[in-house]
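When the chains are written out, they are named A, B, C and D in that same order, and each has its own residue count from 1.
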Amino acid sequence: MKGTRISGRLIRMEYALLMVLLLVFLLFSLLCGQAFYQVYNLMNILKAAGSIAILVLGLTWVIGANEMDASFPEVASCASMVFALLLNGKTDPMLAAGASLLVGVGFGCLTSLLVVRFRFHSLITTIATSTIAGAIANILYNGSVLSIKGLNSAALYKFFGRTVLGFPIVFVIAIGLYAAAFLVQEKTRFGHYVYALAENRQAVTEAGVKSGRVLTAAFVLSSFFAAFGGIVYVLTVYKSGQPSMGSSFFLNGFTIVFLGAMALRLGKANVVGTFIGALVLSALTSGLTMLGSGFAVGQVIKGLLLIMGVAVVTAYRRKIVPKGSKMKYE
Amino acid sequence: MKRYLSDRLPVVLFALLFLAVVVTFQCLQPTFLSSANIVNMMQSVSTTVIAAIGLTFVIAIGRSDISFYMSCCFCGVLMAWLVSLGWHPVPAILCGVAAGAAWGSVSGFAVGKLKLPDIITTIAIGSIAFGLGYLFSDGAFIMQNFIEAKTHYLSQYLVLGIPLPVYVMAAVMVLSYYLLERSRFGRAFYAVGATEKAAYLSGVNVNRTIVLAYVICGTLASVAALIMTARQGYGNVKIGMNLLMPCFTAVYIGMSVFKRPCVVGTALGALLVTAIATGFTSINIPFYVSNLVTGFVLILAILLSKVVVREKQPRMAAKEAGRT
Amino acid sequence: SAEDDFYAVSLGWAENASGQRQKTGFTESFEKFGVTNFSIVDANYDPVRQTEQICAFIAKGPKALFITPSDPTGIAEAVKEAVDAGIPVYLSDGFVSGADAVSTVLFDNYACGKTTMTYLCDRLQEKYGAAEPIKIGMIMLPSNESWHQRDLGAEDVLSQEKYQNIEVAYTWSWDSTGAVTPSSTISTWLAADTAKELRGVWCAWDGAAFEGLVLTGETRPEIMYTGCDGGEECWNYMINYPDSFVMSAGENIYSMPRSLVQYAMSYNEGKTVPRLVLVEGYAVTSKMIGEVNSIRDYKVGDKTAWELLLDYDLPGNVDLLNQALTENGLTDNLWIPSI
Amino acid sequence: MSYILEMRGIRKSFGGLAALDGADLCVAAGEAHALLGINGAGKSTMIKILSGVYGRDAGEIRLRGEPVQIASPKDALACGISAVYQDPQMVESYTGYENIYLGNEGGRERMLAGVNRRRLRTMARELVARYPFDIDVEKPVYLMSSVEREIIAILRALSKECRVLVLDEPTSILTEKERHTLFAFIHTLKQSGVSIIYITHHLDEVAQVCDSFSVFRNGRSVCREAISGGAVDCGHIAELMLGERLSQLYPPRAGQPGRRVCLCAEGLTLDGRFENIAFEARCGEVLGIFGLVGSGIDELSKVLVGAIGESSGTLSKGGQPLKLASPAAAIRSGLYLVPGNRKTEGFLHNLSIAFNVTVVRLDKVVRRLGIVDRRLETSAAAALTEKLSIVTPTVQKKVNELSGGNQQKVVIAKGLFAEADAYIFCDPTVGVDVGAKSGIYEMIRTLAAKAAVVIISSEPEEVLGNADRVMVIYQGRVTLRKDATDTTLKEMLVHAIAREEVRAG
């Protein structure tokens, strides 16, 4: 939250995304009427937002640290396939989930080994690990969807079908995770260093911080939550292992995280923003569907939203930086 | 001499890796190195190379472009639609390329002039371009007039036994090599990518260079999309959706081997990935197995280039040496 | 009243001929029944998005919900939720197991693969004999459960004794990453086929055949293709490459939305409707198409032969086509609903 | 004599090139020790080894007689060794106190340990109160001036339990007043028993603060001498550094004033920075403009080549009016700025010397079709590296791999390559050793024979020593305008911190 407590106007800017969210809800409530704002639909929106939010929680910090992780979608599909395969092999669901999460952690370790230890560029590294994860996801069941038998009776499945005070459990879990993540981001060394790293890696290293560890943690968390998200989707949506589910998340995941960068820490990916971003996107999908628009309209609107947000944030950032000796081209 | 060697070592190691891949496939499938298959590989790699060279310009100025693979979809649809209206393919192609340049200049304007952050802005612009292309075509395949207009000549026509896209690729490579690495104009791209303020004070027109890089990227991506549309024999809005990863892969392999974004490196990177994919196809192994190998070869390729870099970047290497 | 009732359609994809025909089919049928308040959205093959869209429709409480599954297992939960919410669900071109849809209309993909492969083998044996080995390639589509049935059907044919000399020299499955396309695959096969022994290519969908024809239609016209899907462009390719593109199995797409909308109307009136229907499919050879093309402008009733052909999947049109052929003395290749 | 810190026989090479070749460095407790040497002698490398940024190839480090292992910055800190690098790295959007305690937030050292910002703020306030600095530690760093940043960097070093403090050229961006504050402060530190290693190219400072000095040459230590009575023989030190006696730092001035007015500015104004500045620069002489950091001189240099801002006023060259459009336009019309901050404005990172030098005037090295002739390029760059005695194996070496002073020389080389007929030099010798300095000054004087030269600098000696005519700027206004022979350092300094304005003309 630092660097942004400068003027009253900025404080308002931090909440602009929240305004967008309210606006989206208001607009669709007006256009679609009761169908949109009825509890049932709101809960569905929360459920969808919660699932994707869990999936990109870790990604948020990788992007926050100014690195890239293009592997999260494929890690999610790989985890979903491992999970499905183990369940069909009569493994205990909790055990299967644990194993799939470990697969995620494994990919995170591989990525961070290459990025931190061997100083690979993170984008190309994660392209490579994502290729590998996607390949494994396909090899596990010859590239086909693997439906899970007898899932309905599993306790884990039932658990994900439950609600708490009327809220879908996925959303409640997401809220819990994000609250914890917010504390980690704002109150601990990890969060403190992530954003310092993003700005000046050398400064952090020279200050004696083991920046490698921070990055490792970020990459491992990104893959871990991708795997977690993959399992959540298996349990709440797919009911099957999906070797190519990754393509559903790639663009949406990045859009959410970058949209979120407009909240709280102007221009930097952060968990509060990501959560709001996920809500905005889910509300958008729901509302546009009610208005009879397919995915392409949503695509254009998301793009416009994103670019407007970026433009506003950039303009504001420029205002707060003292004019001084800015060169003409800048 | 030593310095010469240490600069060339990654290239040599990369060549060895490439050789290993080629020899392996040649042993598995004796026709792998037949002239027909080489031509075939050249043809398949041509579109990746063309688009990736465009991306090379953007990477050279120190930016990223996540829009080209989506905006070129728009161009493919536009060309297909014009062909379906009964246009001659040549003006239709020109319109498609112009649209690519236009989308590139939108990204360039946003990043270069408005100074918006590159990745997020280009994601947004790409989404809009793709969404519009999709809305325009309604996602349908556009097939009318394709056979009659002989658009497949663009991808099939043989000159001296070699299909046209290979010539287009060669022309793009030569021109880009000249422009980026030999001519005085190319210096501006590297200068902007290095230190922007210093480049500006050294007389480089920074903003124009940024815009130009994005325009080149958008244009070349549209050329690739048009060739792919012609090869496919129908207009499909998703034509470019799979260009993103191969292009970035190609550019970064080239960068790790040659230590800077460059045309030859990009082309070699693309060729390595295509050789693996083609090799596996020719021995009937599904794509996901070949992807597993591609992923590991990719890591290996960069690892090899680091063998030497570690010595050249003492700051971290020394620290790590101290720790172990 | 019927005018205020809301009807929803969630398409798994709007892409290619099949998606487009579904869309048109629904639109026209709604018009026919005077429905004005309806929504058609598509999910671009994304089960997650389709799930969200179905949920949004559930919230609007449509009089009927029509779904083309992007992935039959992937959207099962959402379909179940719709059924549980008391919304009559109608499934088109895909079967969702475990969900209690009012009615499902399907195409027999298995038979489709079987028919085209049988025809290909017969044509090849006719040309090259049943003794010499004949090399073919197969382009398959395992990533979607329904479409994978075509591959299985085709493979089933090859296990028959009488096709022992047909040898599958090359196989390739659709690459979801798009790094390798049908076109580049067939190029690679051709490069490996130095002795020019490749005789035929069985394709699980027409698009793959088109890409192959662009490559070999002129340079290696002896290579025979079969495909699946049909539609105007398919007929065009058949007319242009009659000896290369020998058969496609025309799926009766229009009739899916048409019959489903009709069922929905009946169901809402309290009538009983069929739970599961397999729509008719047509195996179409290039010879048939060639003949229809030769009487392109001939009119039967108020439609030309070509117009009838374009709407091959409207019930009754095949009979009219056959009538046109007979009237012109072209009786060799009468259309028979064969699948 | 017992030393608190001993570094003996340190060796370090970078890819075959020996930066340190058995160097020694010893410091006694409570003394300030100057580390001197020409550019590329190995000073920075030595302290980076000491502070754990680089590993060493050979040699040992002893602290109070005990050998210690320093493999990372963390180890160095644990040994009580803190360093302030010349170009302190900061996290721009973080506040001063967050930067001071970066990596040292207290509590346990786990990732999930809390960061108590309120406590850090109080601690920072207490820290500031202990020293004679006046600074708002709650401001984010990107809003701070370079002086404030330097102070934050020093506070960061002091915030740790520190027995040896390394200052690598700390004064190059400080103003005179702040410099004295710093010196007084160093004395306080010495009294509390902290040893200081002080790297500088300003020999006069050595006498003011240091008790002893070591000189490095070619990666070896050539001597360690004590300073007695607060005076040093600059000639002697220069001789130790260079291996030969330096005849004089500043070249002789032009015999007679230049006649032809080459560059003429009138009424230059940039909102909030400077106002109504006018000057004439003649061919054959050097005009010196002196102002403290923040007085607007940096902006002035950039306005002159059209790099910043909407400014008003007129600029003409050789009688022709110049439009202040862009640096590119300035270069085309023969006006070149050698900018001040080499790391961000001077040279292009990760690109070779040859690339850097020729980029300003590619037209000079192109063949047909705009193709750059690499042979021509290499030979042109090689000629310039020779002329400026830039220490490098080839002109293909990347500029950022050169030592700081040699980087600065590359920046000058670019200017020479531009072959302009009017030059503006902005702080041309930051971080350059005395030998090279006199080389650069000589170069400037030679240039002045054919071109108009303006030196804009925050070092008064540099201005007075080189210029024929002197202008002083205070808060964006000209406060003094005199012939160099008629003024003194003192007068210039007084006008640099005073208000009296001098009318143009």
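To be clear about the criterion, a contact is a pair of C-beta atoms (placed from the backbone, for glycine too) under 8 Å apart; a residue touches a chain by one contact, two chains touch by 3 or more.
The shown structure was predicted, so the numbers you read here are calculated from the model rather than taken from an experiment.
Considering every other chain in turn, the ones in contact with both subunit C and subunit D prove to be A, B. In this structure, the chain pairs A-B and A-D differ in their number of contacting C-beta pairs, and the larger number is found at A-B. Inter-chain centre distance (subunit A to subunit B, centres taken as mean C-alpha positions): 28 Å. Distance between subunit B and subunit D, defined via averaged C-alpha coordinates, is recorded as 42 Å. For this pair, subunit A with subunit C, the centres built from the Cα atoms lie 37 Å apart.
Shown for subunit A are the residues that touch two or more other chains, namely 134, 138, 142-143, 243, 295-296, 327, 329. Residue positions of subunit B with contacts to 2 or more other chains are 139, 197, 200, 205, 245, 286-287, 290-291. Taken residue by residue, subunit C touches two or more other chains at 14, 42, 44, 173, 176-177, whereas all remaining positions touch fewer. The set of touching chain pairs reads A-B, A-C, A-D, B-C, B-D, using the touch definition from the header. Listing the residues of subunit D that touch subunit A in their complex gives 53, 72-74, 77, 85, 89-95, 98-99, 102-105, 109-115, 140, 142-143, 156, 272-273, 298-299, 302, 306-309, 326. Subunit A makes touch with subunit D in their complex at residues 2-3, 6, 184, 187-192, 195-196, 199-200, 202-210, 213-214, 217, 321-329.
Residues of subunit A that touch subunit C in their complex: 32, 35-36, 38, 40-41, 44, 48, 134, 138, 142-145, 147, 233, 236-240, 242-245, 247-249, 282, 285-296. Remark: subunit D residues 14-16, 52-55, 70-72, 302, 305, 307, 326-328, 330-332, 337, 339, 344-351, 355, 358-363, 366, 369-372, 393-394, 414 touch subunit B in the complex.
Of all the residues in subunit C, the ones that touch subunit B in their complex are 13-17, 19-20, 23, 42, 44, 170-173, 175-181, 183-185, 187-194, 207, 210-211, 213-215, 218, 232-233, 236-237, 240.
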